[in-house]
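To keep things simple, chains are lettered A, B, C, D, E, F, G, H, I, J, K and L as they appear, and every chain counts its residues starting from 1.
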Amino acid sequence: MATPITSPLDSGATDITGRVLQETLVDLVDLSLVAKQAHWNLVGRQFRDIHLHLDELVDLAREHGDSVAERAATIGVAPDGRARTVGRDTGLPEYPAGYVSDSDTVLTISAIVDAAVDRLRPRIEQAGKADPLTEDLLIELGRALEEARWMWQAQAAGYRGEV
Amino acid sequence: MATPITSPLDSGATDITGRVLQETLVDLVDLSLVAKQAHWNLVGRQFRDIHLHLDELVDLAREHGDSVAERAATIGVAPDGRARTVGRDTGLPEYPAGYVSDSDTVLTISAIVDAAVDRLRPRIEQAGKADPLTEDLLIELGRALEEARWMWQAQAAGYRGEV
Amino acid sequence: MATPITSPLDSGATDITGRVLQETLVDLVDLSLVAKQAHWNLVGRQFRDIHLHLDELVDLAREHGDSVAERAATIGVAPDGRARTVGRDTGLPEYPAGYVSDSDTVLTISAIVDAAVDRLRPRIEQAGKADPLTEDLLIELGRALEEARWMWQAQAAGYRGEV
Amino acid sequence: MATPITSPLDSGATDITGRVLQETLVDLVDLSLVAKQAHWNLVGRQFRDIHLHLDELVDLAREHGDSVAERAATIGVAPDGRARTVGRDTGLPEYPAGYVSDSDTVLTISAIVDAAVDRLRPRIEQAGKADPLTEDLLIELGRALEEARWMWQAQAAGYRGEV
Amino acid sequence: MATPITSPLDSGATDITGRVLQETLVDLVDLSLVAKQAHWNLVGRQFRDIHLHLDELVDLAREHGDSVAERAATIGVAPDGRARTVGRDTGLPEYPAGYVSDSDTVLTISAIVDAAVDRLRPRIEQAGKADPLTEDLLIELGRALEEARWMWQAQAAGYRGEV
Amino acid sequence: MATPITSPLDSGATDITGRVLQETLVDLVDLSLVAKQAHWNLVGRQFRDIHLHLDELVDLAREHGDSVAERAATIGVAPDGRARTVGRDTGLPEYPAGYVSDSDTVLTISAIVDAAVDRLRPRIEQAGKADPLTEDLLIELGRALEEARWMWQAQAAGYRGEV
Amino acid sequence: MATPITSPLDSGATDITGRVLQETLVDLVDLSLVAKQAHWNLVGRQFRDIHLHLDELVDLAREHGDSVAERAATIGVAPDGRARTVGRDTGLPEYPAGYVSDSDTVLTISAIVDAAVDRLRPRIEQAGKADPLTEDLLIELGRALEEARWMWQAQAAGYRGEV
Amino acid sequence: MATPITSPLDSGATDITGRVLQETLVDLVDLSLVAKQAHWNLVGRQFRDIHLHLDELVDLAREHGDSVAERAATIGVAPDGRARTVGRDTGLPEYPAGYVSDSDTVLTISAIVDAAVDRLRPRIEQAGKADPLTEDLLIELGRALEEARWMWQAQAAGYRGEV
Amino acid sequence: MATPITSPLDSGATDITGRVLQETLVDLVDLSLVAKQAHWNLVGRQFRDIHLHLDELVDLAREHGDSVAERAATIGVAPDGRARTVGRDTGLPEYPAGYVSDSDTVLTISAIVDAAVDRLRPRIEQAGKADPLTEDLLIELGRALEEARWMWQAQAAGYRGEV
Amino acid sequence: MATPITSPLDSGATDITGRVLQETLVDLVDLSLVAKQAHWNLVGRQFRDIHLHLDELVDLAREHGDSVAERAATIGVAPDGRARTVGRDTGLPEYPAGYVSDSDTVLTISAIVDAAVDRLRPRIEQAGKADPLTEDLLIELGRALEEARWMWQAQAAGYRGEV
Amino acid sequence: MATPITSPLDSGATDITGRVLQETLVDLVDLSLVAKQAHWNLVGRQFRDIHLHLDELVDLAREHGDSVAERAATIGVAPDGRARTVGRDTGLPEYPAGYVSDSDTVLTISAIVDAAVDRLRPRIEQAGKADPLTEDLLIELGRALEEARWMWQAQAAGYRGEV
Amino acid sequence: MATPITSPLDSGATDITGRVLQETLVDLVDLSLVAKQAHWNLVGRQFRDIHLHLDELVDLAREHGDSVAERAATIGVAPDGRARTVGRDTGLPEYPAGYVSDSDTVLTISAIVDAAVDRLRPRIEQAGKADPLTEDLLIELGRALEEARWMWQAQAAGYRGEV
């Protein structure tokens, strides 16, 4: 089917913005699955606190993922968040199978959130040139993701023995 | 890491129950992604109503998926709900890429929920022989999934011109 | 119209389950009307307390009646909860016309809930052989109805002078 | 039992008002059962939207039915809302058995709400001569019922191809 | 001070309506104090149920009293709900001092609510000729008061041994 | 399009009632815009209190305006609340452009609410002869508008130095 | 009826405490009526703000009045909060009849709350010697009343031109 | 009156920003009235769903309109949202009088939201040069309006037979 | 383990306060179990009302028991609320096994609450000399327990035939 | 008193079910007291997290204990949850007196929940033969208890140094 | 301790952004303390309205201060909001000691909010060059602060006699 | 300005009470700033749990600080909670600048809460001689602060290796 939604942007801007949104969507769907995986497979002294913390990350990824996908649909670019697409295109590090200790959970999740932040920053800049509305949406996501990065890094520092 | 959670079941029952739960988890994670995909890519006269209906299916899949995964963890079997695992192991029909009309959305989702129900029924029976607590959890899921199946089928009948 | 909803059960199981659900629906719709009738026509010292208690019974009957009817629809059996059907098929004792004293209200409602429980027990067994999902739904209803039976019987014992 | 509740009205006014309220109660109990029947047996493209809409009609009929019955009790006239009474005395058209398409559902419900409005209008006038408090209660009901009539008629016009 | 609020009614209608509202206000303030008095001084088997029931009567009297007083102010007639005015002008029977048994409480409150209803009915008629907006407000009050009258009378019948 | 909604009233009553409702709708839409205009352009010592008070007037006008328009639709008369219609047909005094002091705001709004009340009173009488349900709706509106009139007049008296 | 509630205090302490509670109850019932009287009869520039403020005083008086009366009942002393008792025994200054300007309202209410505080202080001391539980209840009331006194005095200072 | 609110911007920036905000306000007030008009006059099969959808558009227009107007007031430019100003200055297409079918409603509202988006885009750019705070507010509005545009366009595509 | 929490009191005051808190905790845990026991085993005419009333007593005992235990922990005295400790040290009368009539339930619970009050009074005095913060906590508990005592005594008077 | 509640089961099934429910009740009341004891006496780095976690266990034990006791009453077997009965009959390991470190708290609570699960499993099987409604209630409890077992075991693994 | 949180920005951008955030934090903490100080020390006719208005300013300053501080922590710059730091570094005018009249309160707070706005504007520009995420956060704060500025200025104009 | 609020106490009592309240206010404002400082600068394994715990301390300090300041205002003593006053007069230990490990955070906050408790105890005694209402307010604060002291000390014991 030819796209039934016309873009409010010109086609160049639509292409750039659409690509940036699709890449971000894939990362966020993956992040939501990874955080749930960690939530289920966690063991260790700090089980309850980290178990709850991971569900906040799941919520962050799901809510922003939904906004990102709907923004793509809004500019006439069909978003793709299906399992195989996500498995194929995600840029986040893979999460290990099986039970994971609290220490490894914190260090791994911290690294994955780091990666998500690193991948997002240049997309904000690209979107800024093509569509200020999408840029604004990604900046909101960036603020939320970097806040999460801070909190996980603050814990990881403890597990690395830095503090 | 050797499993840090001991099972309240004997090892045969643990194996059967664990397998049944893992298969169900994969289907439910996939169902949640498929329903979101459909929610974003829908077009047609009944956009709003179906858009809202799909989010109820997302909620169903996410909530029951969480219970299923935590039940697996509870019996000492580490659940796996990562994107690649889901992409590889899901038994649900693939959802098409791109925008999808309301008619095709209803027919496809109805078929996918049908498949999820068909795949679940025998697992309830298997679980019933190994662990009545898991059986009870899957029966709850079955009731919710079959209710969803009814509602989507009731709509699909209209789109197929049967009523 | 031929049934537009296909059953997830084979036809024998569908017949048994459908009959059990239809009989239960009729009893529950009648119970909801009887409890409202009693709620409106009550007089006596304990008016307020029993008036409120009867509305809890109305809620019980309405909520479970809705689940029972939707389960029938789910397995492709059209439920029938119309006034004439209920008047014709109900198995509950008739409630008297006119104002009823608190003593008679408690004794009569207690007897009616007793009858509803007696009629439900064998249906749970029948459903158990045909459809474990319907059995589970009827067990839930049974637990709620027997709890109500206890509370009304505990009061009726007082009115019969047994305690 | 002689009526234990004395009427605040003289006996002529009590008779008129009591009759009007009893007739209205029967219609409303029937309307609540009919709307639930339609809610359960609906099939077709617009399943979800109409399914929800019917439950609003159930609520309307239940809430106003309760007020009407309690007003009758208040003036010393015992209300009768039992299944057999309703089946015998209702003035609303019968709803068909079995699954009903969305088109037929809308047209039938629209006609039934029409009938309920037609039957109510003269009762408001009769009550107005006997008891302004009951008149006020019926006017409230009339406003709610006519609003429902408008909404169902607005849909029915579409199904009749008038718009 | 000359009245700073001009009436939307002519002066004759203002006089009639103002008098009716002031008389009703006095009864309602008294009713609220009487119901609290009964709430505090109750003893007997049904303490808790009647204690709660009396607070519903307090709420009824306070809320409608507020509406009545503000309607008076709205038509430029200063309402007077001070203790001495209420003590002097109330038309309700006096409530006894000291602890009161549940039986006497129900019979006395039932009689007082009866009196409030008897006194209100003619005022509704008078207001109807002068100001339909005030009439509507008093009809609302009448419906609430008569509902309370029913409930207390239904209990009183039990204490009088009529049922 | 010929009206797809048939009136429950005869055609004479429909005409009168429809006209009365349309006129009232226009006044209420204008009142909602005027009150927002005042809310935004207010300056002076009592900024916050009046700013909040004006939003209560906006809510009053919007909620009753919606009921009035839907009542018109209910009797088969298409309501018209578009900006140009309102600008052309409103009977309320014009609100000045630009910032307005608290004193002038209170005096002007008080006068506008006065006008709205004066215009409504005769319509209630006309509706009373044609349709008691519409009359009841307008009486409810009248009670709310006159309450607002009282509160604004009570403040205006202060600004006029009368108290 | 002899008191059916025995006191947890000896008879001397019961007498003192009972008297203190009864006096306080009378003041609080009167305060609640006075504050409502002022709430209804207020006019002037600050109508809305003071109108809302007075209802907070009504709430304070009603809630603490209820606690005080129930404490009396708890120690076997029947509380008396009837209109004539309050009119006869209150120690608060009388509130004027008719509309009252905002300035006079603030000054009068401030004086009345002052009086309530002055009358309460010695009772706290008396209760302290007889029953520490009642003392604690009166201290809570004292804190609330003095907070109200501060707020009304802070406004009164403005109306007296002191600030 | 000379403006009592000084601008935090220089006068050139104030002029540009003020003009942009005033134009946007007019469009949003008109959009809120148009969406209500459509909400009231809708007929057709999808009545209920579109009726609810239109109220979401009303809310969007009212909430953002309020923010836009208050931002203008904040920079010392008195906003003007009166009926005649809106009728004269709005840039949105006129909505037809009378009942409108669901098909025409969706197509017309979709076109009107399109127009609102087209008119907003250049204003965001202008504001960006004069005041980044206003730009941010308009970007928020743009995101909400374009989301609405997507949803209405997705439905319109169905009515145009494109999907 | 030596106590890891140091007391803010000197050791004499800590000993007295700790003993008083421990004794009170035991009574409250027992009271919570007794009230639940009565809640489950009640039969008789007033089943529902007393059943609900008993749960309010359970809540009272649980909430205050928690505060008392945490106050002990706060002053470095480990609280002991285990079943055997409570069974051994409680000073409340034993509650009978098996079903209990409403009459006996009210009389027994009333006597038990009486006992709890009698045992608490001297502890308040002892705490008052050692720690005013603990005294304040016990006074709060005393007020709540005596209020409960009043309500149960008011009912018991009816069952004893005193009123 | 002979049992005033007749059982819906035959006497053999009643005996088996009654015994199973009574044993489970005792364990759950003890578990609720043990978890509170641990909640109050905890010290160590993870104080807050475990303190909150223990209250979730208290809630689980209280809510399921209530259901279990009421199910016993429902089948005519008087439940016994008094302190001495619990102290005498509980099968759970004793919790130590005094302050307990976070490490010991987690290990001990984990072992106690383990014991509760081990004791419950065979009772589910016994109930399954006597009363499917009780079996269903115990399966629900089993699911909740095993979920708790998982969470405490996941933490205990950390304290045992296994992860 | 070396910073345990690495910045997602390069070190130049981190320095600029960190400085801007720290300066803003100090202003906001001071603003929250100043607004509370004014809230407590206010006297005058408009006590209640301004008292409430000041608490809205406290909330604004606290919420945005929290976001600003956490953003600093997020980029690896430890925020400093301690009393001495705030007392030393704040750029806001000092608030006078002692009771302050309503007039002076409004004028002083208006000037302080003005100063906060003036100091924030250039920081937004600086942040814009270093970190668009921080810029976005400061723009949000700017919109909220300028809205507050408008409201206080609108009142101050009244006290200055300009309107 | 001379104090516009007269004290309900004599001047000696006012002086003592005023001083005690002012000193307490300073400590509480400082405590709220210190707890926020710790909340922002925390790093280490237990980041999330302590981060949340600190916000509970912030709330405690803010709420009680507000009550303390308003009590001072109530007795005619202007409270002073400005940054410089707090920085100069606080008696709490200084909190270090920069990021702080979880271990140091817990130990330092525990010591600061200890200091706050030590400083409060004698003030309660002084207030007790001058004003029982203020004494009651400080006892409430004392109970809350000592509860916080217990919780932080229970954690600190773990970090000190005592448990």
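Here is the rule we go by: a contact is a pair of C-beta atoms (placed from the backbone, for glycine too) under 8 Å apart; a residue touches a chain by one contact, two chains touch by 3 or more.
Please read these numbers as outputs of a predicted model, since none were measured by experiment.
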Chain K reached from chain G - shortest hop count over touching chains: 1
Copies chain I and chain L touch via same or different residues, half shared test: different
Same-interface partner of A-H, chosen from the options A-B, G-K or I-L, over half of the pairs matching: I-L
Pair of chains joined by more contacts [C-beta pairs], B-J or A-B: A-B
Rounded Å distance, chain E centre to chain K centre (Cα mean): 53
Centroid spacing, where centroids are CA-atom means, of chain D and chain F in whole angstrom: 32
Geometric centre distance via CA averages, chain L-chain D, whole Å: 63
For chain I, residues contacting two or more additional chains: 1, 4-5, 43, 46, 49, 70, 73, 99, 101, 136, 154, 157, 163
Which pairs of chains touch, using the document's own definition: A-B, A-H, A-J, A-K, A-L, B-C, B-D, B-H, B-J, C-D, C-E, C-I, C-J, D-E, D-F, D-H, E-F, E-G, E-I, F-G, F-H, F-K, G-I, G-K, G-L, H-K, I-J, I-L, J-L, K-L
Complex interface listing, chain E residues touching chain I: 42-49, 51, 99, 101-102
Residues on chain B engaged by chain A in the complex (per definition of touch): 1, 3-5, 29-30, 33-34, 36-37, 40-41, 43, 66, 69-70, 72-73, 78-84, 86-88, 90, 94-95, 97-101
Chain D-touching residues of chain E, taken from the complex the two chains share: 117-118, 121, 124, 128, 136, 139-140, 142-143, 146-147, 149-150, 153-154, 157, 162-163
Contact footprint of chain I on chain C as seen in their complex: 46, 49-50, 52-53, 106, 151, 154-155, 157-159, 163
Touch list for chain I against partner chain L, complex: 1, 4-6, 8, 70-71, 73-75, 132-133, 136-137
